[in-house]
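Below are two complexes that have subunit A in common, paired first with subunit B and then with subunit C.
== the complex of A and B ==
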């Protein structure tokens, strides 16, 4: 059975095609202002990538904040379910998931069968999300993709005490003015995200092993800061950013 | 003046029938509710003409002595709920913020303080008070709020200080609160210029208790599966036990409502058409979103069958001694839900979970109401440990719409319902296997 999952996030739209136990193709594009259009586009592109026609797909599930805009999906699930299904598919031993997306972050607890036991979402505030990193990258005039490697050069991370993105931005600017090293500031930013996100997981009770998903998982600095903070290994899948879409495709197979 | 009153009647009519129309359609009794509230607010608004006194009082304040002395009690919090339900809260909150009040202040307080200066809101403001009665059993906010209004209207303020009861009710607390009841009575005597009517207060106390018992009966009907009324209906019908407890109108209305609910049970009519999942609600309603939330949960075949909020108006009946109302009222008003320790609250929540046999617990973390929201995380943990049901926390505000984020709350509710459905599916397949 070949199924597709479409995950419409606030910044990127993701799609995955799964055939039984195998990931055939994945695709990531920018969502833009029209979630419906993004859904169609990312689906068309993932089909091309997989070299398949629409008729080859048995079932489609949508997820993400724009899940209801995907008219051609057979069913929609929340990203909580999708991330749980995706992580369980990638590694059935996983018990905790931290997902850091563009606009929100969440912590999910799974039982032994990969079912969601509990979750918490931070969606009121940009701190602890991808948006926070983007704002900081702009303030520091550093390419966001370089954040991970740069922060690992830091010997003494700066202290970022503000919880609010807006205040943290001015704090960072004052740190630059004071002449602190960029790598230290960036490492400090990563620690502040880790503190914020790990407290969410602490709220529902963290259980090993844990996986980090979402676009921010590509930032090795955040991953490192999180493993330090939680005092455990954080598993990062190469499919971290498309984990929601993969999960949606897995859920589609069970429809 | 006549014209003013008829305009007012119209406005209140539009409010009650406009905003709550969809709910009230399902209850033919609503006409009576409308009539009662019309009469209540127009009597209060025309108190100057009828030479009656008006007292503003907090929702958990001892109102019976006022009623016994023919003072018309008016509830800024009930007014706040009306402002919220008519989606006028944000504008009034902004007005208060422009006056210099912090956006962290309770939105009932903000809306009321602003409303007094502009006579805004759905009924053109509350009638001017002759006195203010503030009982801090619900929170500390009301103290400052009522002081502000006492200065603004230049009227006397009585504060009834009810110490927090972590557990039990100490000897000292009992004496302390009881002694203030005497001061309260002298305050009313001074304001009314006549002696207190001790005979009358017994009758009022009797009616108050009877009203609370009937309100409890109304809420009890939701223990039936499927529930004939939901928490959203309770939010609507609550208005009377808040504003008119101690009067015969409450008795008639709730007696009829209980009968109506029993009839619905007999005929198999439920609040949510296909009730499959039953939920408990914590904290104040999100007044500007009641319809949306009802629809959202109903789309998952879920019914909020009970809540900790509306049951607070009949939660301390056990402390009331009908033959000694004035004395026992002190304890009943002191030991209300918001004035007890978190462990005690959790016990009450768990009792409700069992009584209404719910599948999940929804907690509204209310930006406005600190005493209600502060211990929620602990209560959630206790519930998860003791009963193992899924819990959901949603962040919002009862009146201030600016704190409500629809798509995000929608996602949380969907995910929460996915978990509940998954569990129920699982547990029903287990019980089927056992059979």
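== the complex of A and C ==
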């Protein structure tokens, strides 16, 4: 059975095609203004990537904040359910998922069978999200993709004490003006995200092994800071950013 | 239904309703801030008890007087007072419950147009032998204060009539809640929310009549067609001023079957003894009723009663509606959560202000919670 998952996030739209136990293709594009159009486009592109026609797909599940804009999906699930299904598919031993996306972060606890036991969401504040990193990258004039490697060169991370993105940005600008090294500032930013996210995790209690998913998982600096803060290995799958789409495709197979 | 529109209009624009009511009847209007207000006494004095709900629009006057860690309900009520929009009320009653309401009373007295202002200094512990007599004395004093503020005499006969009326209203409310829990599809959560809010605002005689009609219609409605997979939720917390919550829950495949809210079952729970001396009967209801966390009646009283409520209504899960900076509720939350977990009752915390969090994320939370139940 070949199924597709479409995950419309706040910044990017992701699609995955799964055939039984195998991932055939994945695709990531920017969501832009029109979530409906993004869903259509990412689906078309993932089909090209997979070399399949629409008729080859048995079921489609949509997820993400734009899940209800995907009119061609058979069913929609929340991104929490999709990330749980995706992580359980990638590694059935996983008990906690930390999903850091563009506009919010979530912690999800799974039972032994991969069922969601509990979850928390930070949806009030941009600190500890992908958007926060984008704002900082702009202020520092550094490509976001280089954040991970640069921060690992830092010997003494700067202290960022503001919890608010807007104030943290002015704090970073003051650090730049004081002549602090870019790598130290970036490492400080990663530590502040780790502090923010881990305080949310403490509310539900993380259980090992844990996996980090969502676009921010691509930033090795955040992953490292978070493992240090939680004193726990963080599993990062190469599919971290498309984990929600994969999970949606897995849920589609069970429809 | 036409009747719901009537309720909805009152809830959406209570001030216009009250002004018109005052003009037509010549009756006075007494504002109150919480469900520990003995409305029966206000009613017996010939005035309309009117619950203040505040506003979520453009609060700026209140911010000059309040600390930043004050809940949006108190902030909203003060804003309305300072803005002059409540100029039609003849006075306000402040029952002493949480710290913020007590301070609101002080700020009100000093800053809002000087109409009458009554503090109702209730006991904090409600489960002691002295609490009962104390509470009766407080009611006695309130009656006198109100008499001099409104320039009327409150007779025992008027009190008895008020008690009878409120008993009828409370019984009907209880019946409506029970009927709806059995056949939720007959009444939208949003409509039930309007009814209970309107019940704290409108002419109580009119309320009684309209409520009787609605209960009768709901009774006649065919038996439940509720889908077996629909999840039954119970709301707990302080107030809920968001009818949208009910829609979100219903769209996500759930239904609210009961609540433990100040703007819900706590408001109408408890029937007064019509044979007892009126003020004693009024006091007794507050001693017997499920408490608000700003009061005390045993360390785990609220938790136990919540668990019992869940069992009684066979709810699948509980949603804590925690108004941000409401410390009495926040203090109770950890132990109640533990208690529910011990009983294997799933629960979700919804931290909110007068304004709801972004719609999409709220939908995601409720959908996920209902899906995992």
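FYI, the second predicted complex is superposed on the first by the 255 of 255 C-alpha atoms of A that agree within 3 Å, B and C clash if a C-alpha of one lies under 4 Å from a C-alpha of the other, contacts with A are read in each partner's own complex, and residues count from 1 in each chain.
One rule holds for everything that comes next: a residue touches a chain if its C-beta (ideal position, glycine included) is under 8 Å from a C-beta of that chain, and two chains touch if they have at least 3 such contacts.
All values derive from a computational prediction rather than experimental measurement.
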(request) Report clash or fit for the pair subunit B and subunit C bound to subunit A in the combined superposed model. (result) clash
(message) Quick check on the superposed pair: does A:89 touch subunit B, subunit C, both, or neither? Answer first, second, both or neither.
(response) neither
(message) Looking at A:80 after the superposition, I want to know if it touches subunit B, subunit C, both of them or none. Which is it: first, second, both, neither?
(response) both
(message) With both complexes superposed on chain A, which partner does A:65 reach: first (subunit B), second (subunit C), both or neither?
(response) both
(message) Just to be sure I read the superposition right, which of the two partners does A:147 touch: subunit B = first, subunit C = second, or both, or neither?
(response) neither
(request) Would you check which partner chain A:115 touches, where first means subunit B only, second means subunit C only, and both and neither mean what they say? (result) both
(message) Touch test for A:132: subunit B only (first), subunit C only (second), both, or neither?
(response) neither
(message) On subunit A, which stretch or stretches are contacted by subunit B in one complex as well as by subunit C in the other?
(response) 65, 77-81, 104, 115-117, 119, 121, 123-124
(request) Within their complex, state which residues of subunit C touch subunit A. (result) 351, 357-358, 360-362, 364-365, 367-368, 371-372
(message) Quick check: in the complex, which residue numbers of subunit A touch subunit B?
(response) 65, 77-81, 104, 115-121, 123-124, 203
(message) For a test of understanding, state which residues of subunit B touch subunit A in their complex under the given definition.
(response) 377, 384, 390, 393, 395, 405, 407-408, 411-412, 414-415, 418-419, 422, 426
(request) Sort out for me which residues of subunit A touch subunit C in the complex. (result) 65, 77-81, 104, 115-117, 119, 121, 123-124
